[in-house]
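The following pair of complexes shares a single chain, subunit A, combined with subunit B in the former and subunit C in the latter.
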Partner chain A sequence: MLNPSPICRGLATLLALVGTFLAKDALLVASVYCAVLVPLLVSLRLLRTHAKFVLAGVLPLAIGLLILWGVVIGAAPGLPHGSAPIEGVKHAILMSLRLAMIAGLFQLCLLSLPFGELMSVLANWGIRGDGQILVAGSLTVWPELQLRAGQIVTARYARGLVKNRSLLTTIRQLPFLLRPLLTWVLHTGILRAELWHQQNLIERAREATPPKNGTIFGNAFFLGIAASWMTVNVIRFLR
Partner chain B sequence: MITSSSNVDFVPKGMALASAGEITAVIGPNFSGRSRFMKSMAGLEHHHGDGRTIRDELAVYIRPDVDLSISGLRPSVRDEVSYHLGGNPHRESIFKLLRSAGLENRLDQNPTTLSGGEQAALVLIIKLALNPGLLAVDCALEQLHPELKDRLLTEVKRCDLIRTTFLLADNRLPESRVPIETALELPDSTITNPENQHDRSPPFGHLDSSVVLPLRTEPTAIELDDLSFSYARSKPVLKNLNLQLTPGKIHMIRGRNGAGKSTLAKLLCGVLRCKSGAIKSNDRKLVPYSAPGRLVAYHFQFPDSQFVARTVGEDVASGPAARGLLGVALSSRVDAVLAAFGLETLKESEIFELPYVIRKRVAIAAIVATGAKWMIFDEPTLGQDEGSCSFLAAVFSQLTSLGVGVIVISHSRLFADSLNGERHYLEDGAFKEPWSEGRL
Partner chain C sequence: MIKTTNETDGIASQPHGASLLPQRHLLLAVIPLGIALNLGVGTTAQLIKLPIYLDAIGTIAMTLLLGMRAGILVGVLSFLIGGLLVSPVLPWFSGTQAAIAIYVAIVARRGGFKTTLRVIFCGIGLGVVAAIVSAPVIVAVYGGVDGSGASVITAFLIASGKKVIESVFLSGLAVEPVDKLLQCLLAVWLIKGLPKTIIRRFNGDLLEPNNLKMHRSPGC
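Let's look at the complex of A and B:
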């Protein structure tokens, strides 16, 4: 019922992204994030994926930004160093909220669709051939990394290369993980891209899940919210 | 009827392959050029890289490391099948094949969590869903239980909607009843590329006593005491297993695909944690999970899952190094093992640039080099020809003569027959006695 057409999906995401980039009020971003984005992510069963991304990607960055702007620089951009640590902290919070919001918007736009339908949407946006393979590749990088990281750790255990399972020993495995992980992901990335290309898998996935046209209500809902969000932020930005 | 002259210039012209729906067995030892021939027929070498070489139809090559033939696009067997089917109208036939392979209950599972044999069956079926003109299967079906392989290929041929010509390389064909129409024997080394150093078979060396580390302490017996295991949110894989594993012997474990053989191996080496029952030695409870791989080292079915280093030498050295071997002792040990496995010239080679057959050999050598008291070899003969199998049988025999306990998991009856040891048959998560050909 809330499914927008490919064009509306793209346009709504674009408007919402512009709005987020222009947003200057952390409280407003946080409110929209909690009141609009999170319920949408919940309804599309994407909250878990989003939460993982926020915890693993955005949170460490946020801590870094807080230290940088709140302690090291001690001021918001444009102010003398050390003159307003609170403003620096506010700026770091705004940046972090924007990052979480942008990540959520991309996840909402791209991950809420079955793979074949996503490829149809991309084709509708004019992204075809190698562009689609690039997007498909980027979607498979993380699962591939997880799989291979698990395999390398398991292999190290199975061959007796890890003395025990203490936390310290586990952390010590990290340097051993990186090189084979990188080699493997590059190796499989190339092989899989060749496989998709040779066996025309992206095209077949599109055939398996024909695109949906979207509903008027869905189009209006998403475009309305995104346009409102952008308008509010443009006005506040220009003030 | 397809003839080789139409697209592969290095195979004698006019060499006839089977017609649509028929199977041509491609026979030859390792490095006779089998893989290269099959890749060429599938358009992956020399000619057009787009894989459309046979009657202008899609030609597909299935690698021995079948996990790399899975698309990786979405995490479920159902999606994998559906993305290969596309608009193919033969959906019902494909799902019938899935049922024959026993995969109908695995549709919501991530393909990477299937057992090796199940992955091989899945890959065969999804590639058939592409409706190719030619399907070249390179040793991938060796991972199937012979009974399942026979049944699946017979079903495939019965299915009149599928009009694919099959090229099948399989070292275990002599022990199966797969209906073959044509046999294409490649004379030794006619198709190898002299410029490629990895295109020649490195000869095996000698097995002297320095290859196998003598055990530092007394051999350890292992006893399975009412051992059960199940993965999260799924039915039990192993049910109340009781078994005495004596050191200094070869223990062969066979069973259908998905019977729990690899799971048992992972419990023994400590990759997985025992949930019910115990692993004991002389009535003392062992906890392999807390010191994994120390008592029992495990060679994986897919060799690529096992490598932890970039080069052959580094990978083989990692096991003995972790057990305290250093300096000259370590390097001489690595050199001895590499020489025995015919790998000394490849010591500095990048593992992933080597052919599958050699990668498998490196993976086995790395386990032998550890000098663990117990070693598990999961499908050690995958992709290996008769000569390699004989060598491996000799290695295992030598390991046991020095007190090492060897567990071999394999679907190959001929290889099992060549080993002198105890045999265990795993069915539905429990050991069935006795091992009998009738059962298999």
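Let's look at the complex of A and C:
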């Protein structure tokens, strides 16, 4: 029901991103984040992914920014250092919220796509031919690499090459991980290229990208929210 | 757009006994895997809180193996996708990745990765380039302090009265050369460890001038 067309999906994300860049009020960003973005992420079952991303990526960054802008510099950009710690803290909060919002928007735009629609959406965005294959391949190969890295570490455990599972020991596995991983990357790439060539998969993938039309309600809903968000922020920015 | 068979840089036209394989297919298959490698290593370093970034090993290795255009694609796409999956900071530094690929290609064409000493000089130079390209981004997007390890140095420099851009650039110069030097050394070490059967598939003009095809295979 809430499935927008690829064009509307891209346009709504773009408008929302512009709005977020122009936002100067941390409270407003926080409100929209909690009242609009989070419910949308929940409805599309992306909240867990987003929460993990925020906890691992945005939160440590936010703490760092708070300490640096609020304590070490003690001012917002453009002000003499130590003159306004509260402004520094506000700036750090705004930066962190913007980053969380932008990440949420991108996740909403791309990760909510069913795998089968990825090629069609990319084609509708004008990413065709080799670029389309590259982007689709890049977005889907990540779990494969994680699996391979896990297998290498497990194999080292199984052979008794790793004494224990402490953090320090895990860190020491990185050099041993790199060479097999690069070899695997190149070897798999060669095998895959041969398979694609033999079965003419690239040409077939291009042909299998029919245009997609979203629902009118979905298009209007996402475009309306994004346009409103951008308009509010443009007005406040120009004021 | 990836170039077709005869124009593509970085790939052997027909390796010994290999099936007739359009090089475009090989590039399209290897680049996404290079992106995953770039992201995987960078993320691991970030998660286990290593004092270095290690976020350009894939870019450097792929530039040496596949050429400049493929290196730029690997670097830029990995940082754009990394912004979606790993850290919101990454996409802003896509330009730095492109600069890294261009620098590596230019230096490698002149044999900059031929000996360890040359790699050390190239790594330090790469750090300076990365610091120069990253500084305006950090100032424009984050106001000078982006929460990374180098930001502590930046913050102290700003607090001591230096200009923001100057502080960002100086802190970048303190951190980046060490990081990029290690990454260059690691990338060359990785390529030298590749089995011959794999590396002979890659006949880029960047491998020959750096003696990266003349090594012994460790049989990984």
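One rule holds in what follows: the second predicted complex is superposed on the first by the 179 of 239 C-alpha atoms of A that agree within 3 Å, B and C clash if a C-alpha of one lies under 4 Å from a C-alpha of the other, contacts with A are read in each partner's own complex, and residues count from 1 in each chain.
Rule of thumb we're sticking to: a residue touches a chain if its C-beta (ideal position, glycine included) is under 8 Å from a C-beta of that chain, and two chains touch if they have at least 3 such contacts.
No experiment lies behind these values; they were computed from the predicted model shown.
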If touched residues of subunit A are counted for subunit B and for subunit C, the larger one: C
Touched partner set for A:Thr183, first subunit B, second subunit C, both or neither: both
First, second, both or neither for A:Arg192, with subunit B first and subunit C second: both
Partner chain(s) touched by A:Arg204 [first = subunit B, second = subunit C, both, neither]: first
Touching partner for A:Thr170 - first (subunit B), second (subunit C), both, neither: second
Touching partner for A:Leu79 - first (subunit B), second (subunit C), both, neither: neither
Partner chain in contact with A:Gly64 - subunit B first, subunit C second, else both or neither: second
Which of subunit B and subunit C A:Arg156 touches, first, second, both or neither: first
Touching partner for A:Val18 - first (subunit B), second (subunit C), both, neither: neither
Which of subunit B and subunit C A:Ala30 touches, first, second, both or neither: neither
On subunit A, positions contacted by subunit B and by subunit C: 139-140, 144, 179-180, 183, 187-188, 192, 196-197
Complex contacts: residues of subunit A adjacent to subunit C: 53, 56-58, 60-65, 68-69, 72-74, 76-77, 81-82, 91, 95, 99-100, 102-103, 106-107, 110-111, 129-131, 133-135, 137-142, 144-146, 149, 167, 170-171, 174, 177-183, 185-190, 192-194, 196-197, 202
Of all residues in subunit A, those that touch subunit B in their complex: 114-116, 136, 139-140, 143-144, 147, 151-152, 154-165, 176, 179-180, 183-184, 187-188, 191-192, 195-201, 203-209
Subunit C residues touching subunit A - in the complex, by the definition given at the top: 1-2, 19-22, 24-26, 28-37, 39-41, 44-45, 47-48, 50, 57, 61, 65, 73, 77-78, 81, 83-89, 142-148, 151-152, 155-156, 158-159, 161, 164, 186, 190-191, 193-195, 198, 201-202, 218, 220
List of subunit B residues in touch with subunit A within their complex: 43-44, 49-51, 58, 60, 68-69, 71-75, 79, 82-87, 112, 127, 130, 266, 269-271, 289-294, 297-298, 300, 304-310, 318-319, 322-323, 352, 366-367, 370, 372
